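In the two assemblies presented below, subunit A is common to both, partnered first by subunit B and then by subunit C.
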Partner chain A sequence: MLLKPKTSILQKIYLPDIIIGLWITIKNFFFGKKVTIQYPEERRNYSSRLRGMHYIKTINGVENCTACMLCPTVCPAECIHIVAGERPDKEKYPISFEVDVLRCCFCGMCEEACPKDAIKLSNIYEMSMLKRSVYEKDFLLEQRGHK
Partner chain B sequence: MDFIDWIILGIKIGALLIALLSVAPVMSWVERRGSALMQNRLGPNRVGPFGLIQPIADAVKFMFKEDPVPGHVSKFYYVLAPLIAFIPALTTFSVIPFASSIEVMGRVVRFQVADLNVGFLYIFAIAALGIYGVVVAGWASNNKYSLLGSVRSSSQMISYELSMGLSVIGVIMIFSSVNLNDIVRDQGNVLFHLGQFAIPKWGIFVQPLGFLIFLITVFAETNRLPFDLPEGDSEIIAGYHLEYGSMKFAMFMMAEYINMATVSGLLATLYFGGWQMLPGMHTLLESFSLSGSLSGITYEWVRIVFEMFSFVIKVAFFMWFFVWVRWTLPRFRFDQLMGFGWKVMFPLSLVNILLTGIFIKVM
Partner chain C sequence: MPKCIINGKEAEFKPGENIIEVAKRVGIYIPYYCYHPALSIVAQCRMCAVEIEKMPKLQTACSTPATEGMIIKTTTERVKKNQRAIMEFLLLNHPLDCPICDKSGECDLQDFSFQYGDSFMRSSEERRTYVDLDIGGVIKKNMNRCIHCTRCLRFAEGVAEIHEMVAVKRGNNIEISTIDDRPLETDYAGNYADICPTGSLSIKDFRFKKRVWYLKKTPTVCEGCSRGCNMEVHEERGTVYRCVPRVNLEINKYWLCDEGRFNFKYVNSENRLTEPSIKSAQKFDFCDWSTAIEKSREFFQGKKTTVLVGSDLTQEEIKLILDFIPKQISVLSFFHYGTPGVLFSKDDGPADRILKMKSKTSNLYGIEKLGLTGFEKYSPQTGAFLVFRGGRASVPDLGGIPTVGIGVFQKTIIENFKIILPGTTFVEKDGTIFNFEGVEQKFKRAILPPGQSKNLSEIFMLWAHLGAARRAA
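For the complex of A and B:
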């Protein structure tokens, strides 16, 4: 059944409502608070819990990671690839540690699984790259973020 | 007409063409910035101060883009259509006077490209040609949406052009002329005195209903927003110019903006006294001449500048009004559009003629 809304005679001749509408738009034009964030100069304040670009925490230049393989195991996107090795100062360490960011879903489970506080997600969200982005170990060892 | 007359005519045509062609870029900036500010955004503000250079960037983009002709279109008419839309748009402004006349070295120079006796009937005739561009574009594009757009456009044009023509008859009855110069000159007279203020005989005061009808039908005529069914982005993508790109698309856009300028000029001329000076400017000019700082030919030129300024202000207001309404009102549904055109606007314009007749008889 078609229900026709009840309209008064003033609404039927449109004009008063149109004038009200025009008033609203011009009010916004002059006094409306602009919500645009002018990106390169202004930035949005994200929560400190934001999960952004990965890094591996180091202490005195030695990576925390012991190549325990917990993070590639828990990773739902299967984007972490670790080759483990041995060296004089460290019993077990990752020879290569790659994060395929194109597959990564930034769920943060690697961070939660890590027993050594090694892999972490910083709060850097500007991650565009000019080439296919697989984060190598050298890149991951740069300390970024403040977590 | 001797040689100097031709030169004067050439200068007038050139100046008017430059003004009209620069309307489109300026209006595209006004439209984008205006809509952004109304929607609590900022709009283009990166290219130049306040984004003022943005139209030039747009123009460069339009010119250097690839200009493909889709394989499925009727090529001849596809290329012809933007021209059919664009040329009438450019020619219609020629009969609108943008200032009164001045006498220089024994010659009367009119600030109007063509002082035609038929006046605004010429505008209606040529503006109606512009619709062929839209129809041909939609048909030649060989695309359902385009065809729908052009069909809508033609039906809308027929139903609204009728009320538009009828609403102007009231103006003809009041000023007993179709010559725009005569109409504007007549609007300088005083209608009545309200205390110490003299109400001029502007069209809006003698033809309020006619003005309203004309204003609404003009929106339909230029395919602007409450009546932009031929384009209807959310229904038929972009309507008739769906298959067009780069400069051909830009020509449709420019035609739309130039049409807006023309009808704004017509609105100002018929209903807001054309180049008659805005309230207060006359007193200012009088005080100049009384103090003796202006005399003779200088006074005349200052008067012309004042008149042009008044005309430009009036036109600019209506251009802004077009943008303002566009970002305020939603689009009509097609049956509502037709119902509104035939059941409301058409009878109202007839009633307006009747009322005008009574008004003339009584006065």
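For the complex of A and C:
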């Protein structure tokens, strides 16, 4: 059974409610505190724990990553693709390392899973691109937004 | 049957059985490293120690046979303390390089450390390290990871019957190596990687290809020879990465030869033809299925055909061929082929003292059951050959007579073939085969056929369909 809410005659004719609503709008518009900012010139201060653009940490120019595949394993969006290989100075390293950011949900689980402190999410949040963005290894190795 | 009591559970056993096996049967798992059911017992890792009533000290479950009325406890504080101590001891010198180790995910050391060990480490001393020399094409050695269980030594001596692995030096400096660091010689080297409970011995071919937890495992039967060893295909997204043995005490026990283990390589090889192709001038052109089948029908018209059936096909496929082909083309005779020099099952026999057989195809005995004889020479009336191949049989010399091939062919072996209809390999189909002892074994499909390849039944269905459509037109 549908219960009809009890309404007074004033509510039934709507007009007083509309006037009250309009007054709230006018009050906030003219006298309220502004919530928007002039974006590119003005910026907000985000927490240093913000999860933004990925990068792979390097030490003396050598990537920390050993291609253990824990980050692709844990990634719920399945957006990390790694091919592992061997080279003289490093037993196992990623030949290619791709992050398909369009699929990424920025959960930060890869960062958490990494035993080598290699993949990290920086503070950079400006990531719009004109084409589908897949971050390749070379791109990830630039220490952008190092933290 | 005599009985003993393990953790309060009553367990029956055959006299002489050790506690690990008896406990396993009633669902109690005792961790162990050096013990392996098929190898001799040395009791040197001490991981399996359990408490037995009326015995003052812990006893190793691998080397203690169960006796009537024995009361065994595997989860008491004393046992747990020992397991923790053993884990700490084994990891003292272990590099803990699981992120780069291929064994990671199926490693006893890793699993037991997680389950029975401590999560922290008290030692801060430098670890023992070794320089690893190359030991041949199959196995990659990394002695830093070794826990000196000596399973590999005992495998070489007891199963592979070759004295090639040795432990040099003593005590803390012990090192497993081959004699004079020579490459491994046995044809069963892949098993070293399977029995090694750590990542010290790993398969070179599989190195860094895939983490093991991604692999999907399908039980199958090896098609390498007429022994029919049981194995598992490990695959991800249609690519086969490796094959490992599956325990079958009647046939292959715990082992697999290297030939069978790496036989899967042709499945995803570049060299395999996976499109219907017709030869024009000197090269093959790809075409669609109906054109290829129509062309084959025209090709066989008015020609007396000798049909060669590979003994690497399954019973189902062979029966299908025998039923279907005589209705479509004029057949002179059916023969089977597979291994040069092994025409009949009486030519077959063990090729070594372990597993390998002389017949290099799996279903020689089954195909004989269906009444085919081995291909020796063709009759002079033969105008064409129709060759069925599962991927392993070696095609005999056909004397330049034009041939149509149905099945799996490498680009290198199709010189005088006119038309190829691509078929499926043993991992892409279900089927039944008979091994040399007449044991019937079934296997299941692991991956989908690549490219345009089709199952034999699908090919015949299409063939019949096109024929009916043409007659109606």
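Annotations
Everything below uses one rule, namely that the second predicted complex is superposed on the first by the 113 of 147 C-alpha atoms of A that agree within 3 Å, B and C clash if a C-alpha of one lies under 4 Å from a C-alpha of the other, contacts with A are read in each partner's own complex, and residues count from 1 in each chain.
Here, a contact is a pair of C-beta atoms (placed from the backbone, for glycine too) under 8 Å apart; a residue touches a chain by one contact, two chains touch by 3 or more.
Values in this document were obtained by computation on a predicted structure and should not be read as measured data.
Contact with neither subunit B nor subunit C is seen for A:S8 once the two complexes are overlaid on the shared chain.
When the two structures are aligned on the shared chain, A:G32 is found in touch with subunit B, with no touch to subunit C. Shared-chain residue A:S128: touches no atom of subunit B or subunit C. In the superposed pair of complexes, A:I18 makes contact with subunit B only, with no contact to subunit C. Once the two complexes are laid over each other on the shared chain, residue contacts for A:S48 go to neither subunit B nor subunit C. Overlap of the subunit B and subunit C interfaces on subunit A: none, as no residue is touched by both.
The touching residues of subunit C, counted against subunit A in their complex, run 97-100, 104, 207-209, 211, 213-214. Against subunit B, the residues of subunit A that register as touching in their complex are 18, 21-22, 24-26, 28-29, 32-36, 38.
Those residues of subunit A whose C-beta lies close enough to touch subunit C in the complex are 66-70, 73, 84-86, 91-92, 115-116.
Those residues of subunit B that touch subunit A in the shared complex are 34, 37-42, 324-325, 327-329.
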